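The chains carry the letters A, B, C, D, E and F, assigned in the order they are written, with residues numbered from 1 in each.
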Amino acid sequence: MSQEYKLIPNNSLITDTPEQGRELAIKMARLVVKATQSDAKIREKLRPVYAEDPSMLLDVGKVVAIEFQTIAAANNYWNKPS
Amino acid sequence: MSQEYKLIPNNSLITDTPEQGRELAIKMARLVVKATQSDAKIREKLRPVYAEDPSMLLDVGKVVAIEFQTIAAANNYWNKPS
Amino acid sequence: MSQEYKLIPNNSLITDTPEQGRELAIKMARLVVKATQSDAKIREKLRPVYAEDPSMLLDVGKVVAIEFQTIAAANNYWNKPS
Amino acid sequence: MSQEYKLIPNNSLITDTPEQGRELAIKMARLVVKATQSDAKIREKLRPVYAEDPSMLLDVGKVVAIEFQTIAAANNYWNKPS
Amino acid sequence: MSQEYKLIPNNSLITDTPEQGRELAIKMARLVVKATQSDAKIREKLRPVYAEDPSMLLDVGKVVAIEFQTIAAANNYWNKPS
Amino acid sequence: MSQEYKLIPNNSLITDTPEQGRELAIKMARLVVKATQSDAKIREKLRPVYAEDPSMLLDVGKVVAIEFQTIAAANNYWNKPS
């Protein structure tokens, strides 16, 4: 069912745990790339480029960190409500 | 009617779902480019450049992630009020 | 009267609508460039450079997105108080 | 008296107006550069480099935008308390 | 037991102290790189590249700073509740 | 005693004044570089590189600005509680 959504799996920012929130951040970052470059063949060619470039790997880290800020806030940082 | 607005479709940050919020983030990012480079022909030439450049694709991801932070906060992260 | 202010038109972050908030974000970003490079002739030469460079256009998008975060928060995301 | 402080003039984030807050953001950004490169002669040589480079001007805009977020929050966005 | 988690050690953003929160930020940044480039041999080759490149070291600093913002907020900045 | 901590002097984000908060932001940014590049000789060689490069100086400014956001929030922007 999550396949129906192109940008946010399950159409929700809520996850059970921080680890799952982090996985969501990585997926959301990838889905923006997919929405910008819809040709799967080109994406396949680009992936190894940034995965072997230390500067681009750091850029991946930046994007994921920003997405995770949003997800963590949405989940009240996974703290139980007091 | 959303055509009347050049920078934010419908002139609102509120969306029904996270997926729609993400779509809005992508549109808002594109509309700033449009406002900066008003010549559609030049924009058409630039689009494939960044869509095939892994570093620029990551930059697209950064911009969208920042816009989405604002939209998600505006929508209280799509959580129902308690 | 907004001409009196060099960095923020009308000396206020408050706008009536999100669209106007977005316009303010773009203006504030430009006014920092103006404050840094006061020579109008040089600015005129630089403008087409970044307007035709996809990487710099994305950088414009980043700056505007950050400014807009501040403006949106200042306006409580244009939500009516509950 | 503000000369006593090397990083934040008057040792305060509070300003009367948004315009003054923006001026403070620009000063704070410059004072970090000064703290990192203490040699005034070198700084004088570097200034025209970034003031004539469109990419670096955008970077100046990014730094100022981030500093301004902090200053605006410190001043409750210059809204009067309700 | 923290080995079970690939992206966030112990699957929690909560730490006892700011110092430990900072360590977590560094680990989380590294684990995103690991998730993006799963080949340990390639990662080993890339590490010295960015550790000796001043621009990339600053990029590491940016990623860690963003991750730390999230962790610090999750821990209420390590202030005791009033 | 602050020597015991490798990432945050005194293991605290709390400072008496904004100026001291800014000093802490600069130190925290440097300590991440130190944690990433532990060889003091290499760090000594890299320092003049970024201190004379206008683009990297702006990057230093970005990192410090982000760290300072966290520190300022931790200190409630140095406003007295109302």
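FYI, a residue touches a chain if its C-beta (ideal position, glycine included) is under 8 Å from a C-beta of that chain, and two chains touch if they have at least 3 such contacts.
Keep in mind that what you see is a predicted model, and the values were worked out from it rather than measured.
The minimum number of touch steps separating subunit B from subunit D is 2. Relative orientation of subunit B with respect to subunit C corresponds to a rotation of 60°, obtained by superposing CA atoms and rounded to a multiple of 5.
Between the CA-based centres of subunit A and subunit D the separation comes to 32 Å, rounded to the whole angstrom. Subunit E and subunit F, compared by their mean Cα positions, are separated by 16 Å.
Chain geometry summary: the mean Cα position of subunit A and that of subunit C are 28 Å apart. The set of subunit C residues touching two or more other chains comprises 50, 55, 59-60, 62, 66, 69, 73. Contact topology of the protein chains: cyclic, one closed ring where each chain has exactly two touching partners.
Tracing the ring of inter-chain contacts outward from subunit A, first into subunit E, gives the chain sequence A, E, F, D, C, B.
Those residues of subunit A that touch subunit B in the complex are listed here as 5-8, 11-14, 28-29, 32-33, 35-37, 42, 46-47, 49-50, 53, 55-56, 59-60, 62-63, 66-67, 69-70, 73-74. Contacts from subunit F toward subunit D in the complex involve residues 17-19, 22-23, 26, 50-52, 54-55, 57-62, 64-66, 68-69, 72-73, 77-79.
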